[in-house]
């Protein structure tokens, strides 16, 4: 088969993944996590964007709100150039508004990460960064109607400085993950942040529990579902 | 790029879709519905199997139970030859047992169809064939924890003879779909049977509502998620 | 008693009600609905603001998102001058972010309207303007954890032009309200829009069912709860 | 403005708060907790009654049942003299019957305390006196449809003698409150008894968590909502 | 086997069924409905009592409350003479208090009728007498945690006079039952009143749906479970 | 009364209890647990069967699936000779299929055990053998719609060898039961296995909590409900 023979109908447009915070290192981590999808020949390209207008991290409801407008602009600008969009922040900022503005389907990593967890286990636990994010996550879990399958959401609750210490961060994730598993009876975990991908394999092996990296989960769903003409289009 | 250069790690094993009833025409319909996935160059092959030991249609809990054993045998026999399995019956027979026996991930079309519906709308309605299947479906919806997003499940309730009349079948689907939309407030529909795919486009256009064809939904999820090494494997 | 003797501790700061759309007529209607509270001697003043930056009406998730930033600015500007804020739009835009930025408590008319309905009846029905708003409302109802007491949400679904015809609007509200009561078994209704106040009394009398005007409900809760030093302040 | 000019329509009738147990000290504590409302000039009077026929404390379902009849009598006797009634016992005894007999609105401190908690946090924990009261509380939480926002209900479970030791009582409340916060993930607490008001400020400060004193919450709602002619009256 | 050889341990004490309203005709109907249990040789005796202090019918929350005290007295008086008590009113008045006062187990016909319905179908519908009773029933359904299996509760809403016309009563029950089955998707019905037993067989046959007569259901459970020493006794 | 005078209509057919695993010692334990029912004169006989085709224990979803076919055969063979069937495995294998094939009612010990627990307490905890069974149990709890009354499900998780040590087994059950009671707030426990009956009395006394032995519970319900002609028969 020769690539040049592939017509536009056959070949998907690139998938656009948007990191709504302005920290390029987080985008780089997301980009690295796309590797399994890129090993596939002729797979659609995956482009990872940093939202320059975003805060360094999305840590409050205010942060969630302030990224929506530039995020929607970015999505509008890429209409026709993307087969799908993935919003790579565990608060799924602007998800429903983005679905209004975009002809291509839009996926949120929280919604997709949680759906993927439900395929892997019975009750999920979420490892969050900040204690203050948990109410926001729980509103989302209930809005999604998934509360009867939520074992808990617990935070590592480290400061920005402490988070720069990878060993300490990992140690807290292991501790919180074990609590979710043993105390709260979770049998699958979800990483409650797009920037935790690097810890996934080791943590899953040490805790002997499946762990969902939500950006990968969302991209997987996006790659599959965006093949279907009827996904997000009536008729 | 030259196909011969693709190493086994790069190239996915085929996806195996199993129709647990013995009606080859249903399998043929499923096979035809795989077309959107096959248009993609170098996409994994999709093999559709008919379970010879199954009943002509899965219409009762007894039918659900009796297909499990041959279904598990078929899955066990294909270990190592499939990247993922899709059980193409809206009762998801043997799904959790299949996950125990299979190293490759296993997807049920009801679970995946419903998850896909949740990405397209707020409350789903299910169009079923038989009135007597609805309690079975509702047990599944509650087991999945999705009841707060279920608008309703209504049956076209035609006899086998009547089902052979495509116009009549379609007319009942339109009627039931409109009831789910208008009376029960569904804003997305799921076809509650693997054999309804042919009616999807026309019905969605006429009712102006997104409609999920569940085998396509399950294959989409399977193609995407089976790329991820951690999906169904700890560590 | 002489007003001048009232010390600041005794006298509450004004309550600020914000209409997040830019239609002054809606704000005027809200202002008129404040009458019962103003009849009380020495009651705190109630100031109704129009959000100039808002759309003429909040009819989509995009509208919800776009009003948040100017709404938060307005709230921040009035810190110290308001005893409480009421966001007078049935989508409660920016409510949780506003609670982060404001030292004074912030009330949303949807949350308060629904809570008030739960004090008046067993299962509430919501009369919405637009069909497309219903999924947004349902996400909110589930996020609030009130879904088991929600009988339904139905829209009058009139165009802007049709809405200017008050008789027609009322007729549709009566029709939809009767459906919520008779078909969906609601025993209390909530007006799903800040601009429906004028119809409340007549509609409640004709349908023989209690009806909550949500801005009045929110102001009532705000006037009461903002008296309590511990409301929104720890310790 | 001169008080004599205030017509009956302008001026609210007194609010009647009923302590359904016969312990006058509890009523005195409730009365003291009304202070924030009394600082407001021209605010309606708040009269606190002790139900002489009640038990020393409402500690069982039998106690709940036995106070209903004298409570309803008291409410009936005060028709026309009260703008609203508050039943100041965390089991909300007779609440729905009282709403049948009373033209003025009736508020229960459990229902109002829980609603207020939902405005302050995402998941509430209840500090109860007796372990045996918890099933009764949980029936109420579910009847209210609030179970998805209930983090837990834990008892200090002290004997009457031990309860007279304020230091010991406070220490147990702090311990139980910390468990609700840390183990059960509550982010707001509700005092599960009308007699705990004195401990609220200190406990909230020490545990760094908002705490609802339910009688104050109910009175706040009553003062606000009873202004609205349509509250509890159709049309 | 000779009856005289049966020791007290072998032979159960009588079962006491209490009709909490004062209408002897209702008690007679309940007594007639006990026939299937009496056909069994050596079955415990079933004694049906009328609560003289009750209202002619329990039609409001006030009625529910006012029967509790005499009901508890009656139960206390029969301690040691009854193997179990059944409260034969669909509002289960005083059930939890009765469990506190009684050493023998106490069963409510609503709780038992609903549990029995869950063994016969997937979603139950309740046929009630009065529209005003439905909120009371729904509070109970939610308190029992059964709301996800409740299809609906609809009232025949006839006056006392109309109820004396058996044909008219039956016609309304058939109409309401058909609505519950067809519109609300119930696949099992529960009679929401102890006085409807006479209509059960005919209605079930005409509507082709299982129907639970709740007093019979409660007595069935009582006869079975009261055999178990551990039922209601720890250790 | 003379036994010879009892006509077939008066006398119930035997009750058939089926142990779906092949371990005769488990069936013997079940048979011993039937003693309280056999002490009643003229009570229906209770026959306990071992399913020879079953695995030594039902410990996985595969085991659940593989016992269904022989279980249904056994039930079909006994049509006309049994008044009711009880499936004595806590996974309720084949329950809904059995209800399709059997004219006599069929009871599952999990469904009946849980219903009985709801009559004895507010929130139940389940003591399971295997950690891996918990997701299966939770799917069942949600399918039954009982999740809001489930405090938790915890496993003793001993190997087959360890289970043969009765002291060790009991010690783990006490430990797990205490966790369910104290940490998860269960106020009634259910034994999550048909083979735990021997430990019930001692464990309930030591933990001071009611404990449901589910096979006894199911037989109690079966004995009572199978008296009613309408149970499982329409009309």
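Quick notes
Order of writing sets the labels: A, B, C, D, E and F. Residues in every chain begin at 1.
Quick note on the criterion: contacts are C-beta pairs under 8 Å (C-beta built on N, C-alpha and C of every residue); 3 or more make two chains touch, one makes a residue touch a chain.
Small disclaimer: the values here were computed from a predicted structure and weren't measured.
Least step count on the touch graph, chain E to chain F: 1.
The chains that touch chain C as well as chain F are A, B, D, E.
Interface comparison, C-E versus D-E: the pair with the greater number of contacting C-beta pairs is D-E. With chains reduced to the mean position of their C-alpha atoms, the one farthest from chain F is C. Chain B and chain C have centres, each the mean of its CA atoms, that are 43 Å apart. If each chain is reduced to the centroid of its CA atoms, chain B and chain D end up 52 Å from each other.
The set of chain D residues that touch two or more partner chains comprises 135, 139, 142, 144-145, 147-148, 183. Contact topology of the protein chains: irregular, matching none of line, ring, star or complete. Each chain pair that touches appears in this list: A-B, A-C, A-D, A-F, B-C, B-E, B-F, C-D, C-E, D-E, D-F, E-F.
Across the complex, chain F meets chain E through its residues 1, 3, 6, 9-12, 36-37, 39-42, 105, 107, 111, 115-116, 118-120, 144-149, 200-202, 204-205, 208-213, 216-217, 219-225, 227-235. Within the complex formed with chain A, the residues of chain C that make contact are 60-62, 64-66, 68-69, 72, 94, 96-97, 99-101, 135-136, 139-140, 142-145, 147.
Put simply, chain C touches chain B in their complex at residues 134-135, 138-139, 142, 147, 152-154, 183. Contact residues on chain C toward chain E in their complex (touch as defined above): 121-123, 148, 183, 185, 187.
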